[in-house]
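Several structures are given next for inspection.
Across the two complexes that follow, chain A remains constant while its partner is chain B and subsequently chain C.
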Partner chain A sequence: MRELSLNILDISMNSVKAGATEILIELIENETDLVFKIVDNGKGMTKEFQKTVTDPFTTSRKTRKVGLGLPFLKLAAEQTGGSLTISSKTKDESTDGSHGTEVVASFKKTSIDFTPLGDITSTIVTLVQGSPEIDFVYHHKVGETSIKLDTKELVEVLGDRSMLTAPEVLMWISESLNEQYDSIGYIKY
Partner chain B sequence: MKSLAELAAIRDKMKDKVALREGVNTTRIVVGMATCGIAAGARPVLNAFVEAVNEAGLAENVTVTQTGCIGLCQYEPIVEIYTPKSEKVTYVKMTPDKVKKVVEEHIKGGNIVTEYTIGNE
Partner chain C sequence: MTVSELITKADLEIVNLADAEREIVGGYTGDLLSFVMGNVETDNVWVTIMTNTNIVAVASLADVGCIVITEAEELPNETVESAKLRNINILKTKRNSYEMCAILAGFGI
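Let's look at the complex of A and B:
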């Protein structure tokens, strides 16, 4: 993947496929490190599946016997000196009824192999466009400042969830995020 | 800064349009958004379709949706188009530039852009 935001899109798609109704995408960044976390309340993965999930020959898809999403991300993180951690719980394994998956990837920005974040705005817009039924919370902390988007707030204003996919609304989301990034002078590439 | 008040204004402007949209969606554009598609450039292709359809004033009867892996990863980004007039058309190795032509000629004009279809590969 040429941009980290593409990995973020790809991994979030797993949460969508896992039947999540809420997906949190959180990025925490300072001068030297970037950590992103994707947390969902989807069906979760069994212990057994988790053990093999970063192996390219493990996949949930039916059209191919290989799945490269998590292996790609693991490689991208580790080649910078960072790491990938996955924790997950299915309904059956849960003691309190909660279930879902958390993927945390950390990167050393100082590494020559660090992939820039890229067009994260497009990633968020793409997720909302594809799954308006899901509540997305996006939060990017950059030092002391932060960029935020919570689709629940937008639905409250719009009244109707299906309006999230209207081109005008997608444009609003895109401009809102880009303005927030511009206001802190963030460089995505 | 973009405000929620602006969003409310968009909502009010759109209310009538949404009522109109029910049941008249006749054309579907489906973009493959699995790992293979994303790595090959499906994200800008999807967003280009959303924009081009809107600019062409077709947002009321054309929907742009996403799907998983179509199974032909080497041809990604793949886009399938379903119109009432023709069978499914599969476009391969799509780019935002090709999107403009497909919307103009196929979606708007009803003529399949054969040179971008899978049969031409």
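Let's look at the complex of A and C:
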């Protein structure tokens, strides 16, 4: 994909489909590296499924035989000299009742094949708009500074979860993120 | 033009030949796989420098006529095996993508 934010959207949609009620999207970035982590409390993947998930011919969809989100992400990360790791557990495999999936992709920003982050604000707005029932926590640490959005906090302020998809609220989320990025002079492209 | 005619006329090396008589209609070139997936058409010849096994998935999904890998050295085994399994035509050449596309255009593809 042309922008990392599209990979983030794609992988987060897996979490939505896995029935997650909380999704954490965390980016940690310094001068040379960018790591993004997507953690959900969805149904998780069995050990068997996990082994095959970066194989482009594996998918959770029934309509086609190839699922390319994770294989593409792996390729994008490895092309820069980075890597992709996935850990997951289902309810059955869990000893403490917790379940879900964590996808961690690391990129070397210094590589010529590094794809820029792109329009991450639109990715976050799209996710909230599409799945207002899910608590999204977005946290992007850039060196010593950080950019944050927590929809659970927003719901507390708004008093009503359905307000999350109101145009003025989505607009606020978009402006808030963009302002935070502008205030640290972050270059997304 | 069929895949087999293409091999002879353009002097291409065979990586995997699944259907030599397949008719090629039009072409596409690109290396950003998600982009190719959205734009390449059925029966196209797809010209790319990429060799990762993901190209087989993209070709299978879009039902392309054949892949031509340019500036090619040895391909990963995984890609070759996957292509055999999914009946995907893969050819290769030492030429770059520009030169390959120019030749294809010369054939009227």
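The rule is simple: the second predicted complex is superposed on the first by the 189 of 189 C-alpha atoms of A that agree within 3 Å, B and C clash if a C-alpha of one lies under 4 Å from a C-alpha of the other, contacts with A are read in each partner's own complex, and residues count from 1 in each chain.
Heads up, the rule we're going with is that contacts are C-beta pairs under 8 Å (C-beta built on N, C-alpha and C of every residue); 3 or more make two chains touch, one makes a residue touch a chain.
This one's a predicted model, so the numbers in the text were calculated from it and none came from an experiment.
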{"item": "Partner with the higher number of touched chain A residues, chain C or chain B", "value": "B"}
{"item": "Which superposed partner A:17 touches (first chain B, second chain C, both, neither)", "value": "first"}
{"item": "Chain B versus chain C as contact partner of A:97, first or second or both or neither", "value": "neither"}
{"item": "Partner chain(s) touched by A:126 [first = chain B, second = chain C, both, neither]", "value": "first"}
{"item": "Contacts of A:1 with chain B and chain C, given as first, second, both or neither", "value": "both"}
{"item": "Partner chain(s) touched by A:56 [first = chain B, second = chain C, both, neither]", "value": "second"}
{"item": "Partner chain in contact with A:75 - chain B first, chain C second, else both or neither", "value": "second"}
{"item": "Which of chain B and chain C A:185 touches, first, second, both or neither", "value": "neither"}
{"item": "On chain A, positions contacted by chain B and by chain C", "value": "1, 6, 64, 68, 72"}
{"item": "Of all residues in chain B, those that touch chain A in their complex", "value": "1-2, 4, 6-8, 10-11, 13-14, 17-18, 33-36, 38-39, 43-44, 46-47, 50-51, 53-54, 59, 64-66, 68-71, 73"}
{"item": "Complex contacts: residues of chain C adjacent to chain A", "value": "32-35, 37, 52-54, 56-58, 60-61, 82, 86"}
{"item": "Interface residues, chain A side, partner chain B - complex", "value": "1, 6, 9-10, 13, 17, 61, 63-64, 67-69, 72, 119, 122-123, 125-126, 129-130, 153-154, 157-160, 162-163, 166-170, 172, 175-176, 179-180, 183"}
{"item": "Complex contacts: residues of chain A adjacent to chain C", "value": "1-2, 6, 55-57, 64-66, 68, 71-72, 75"}
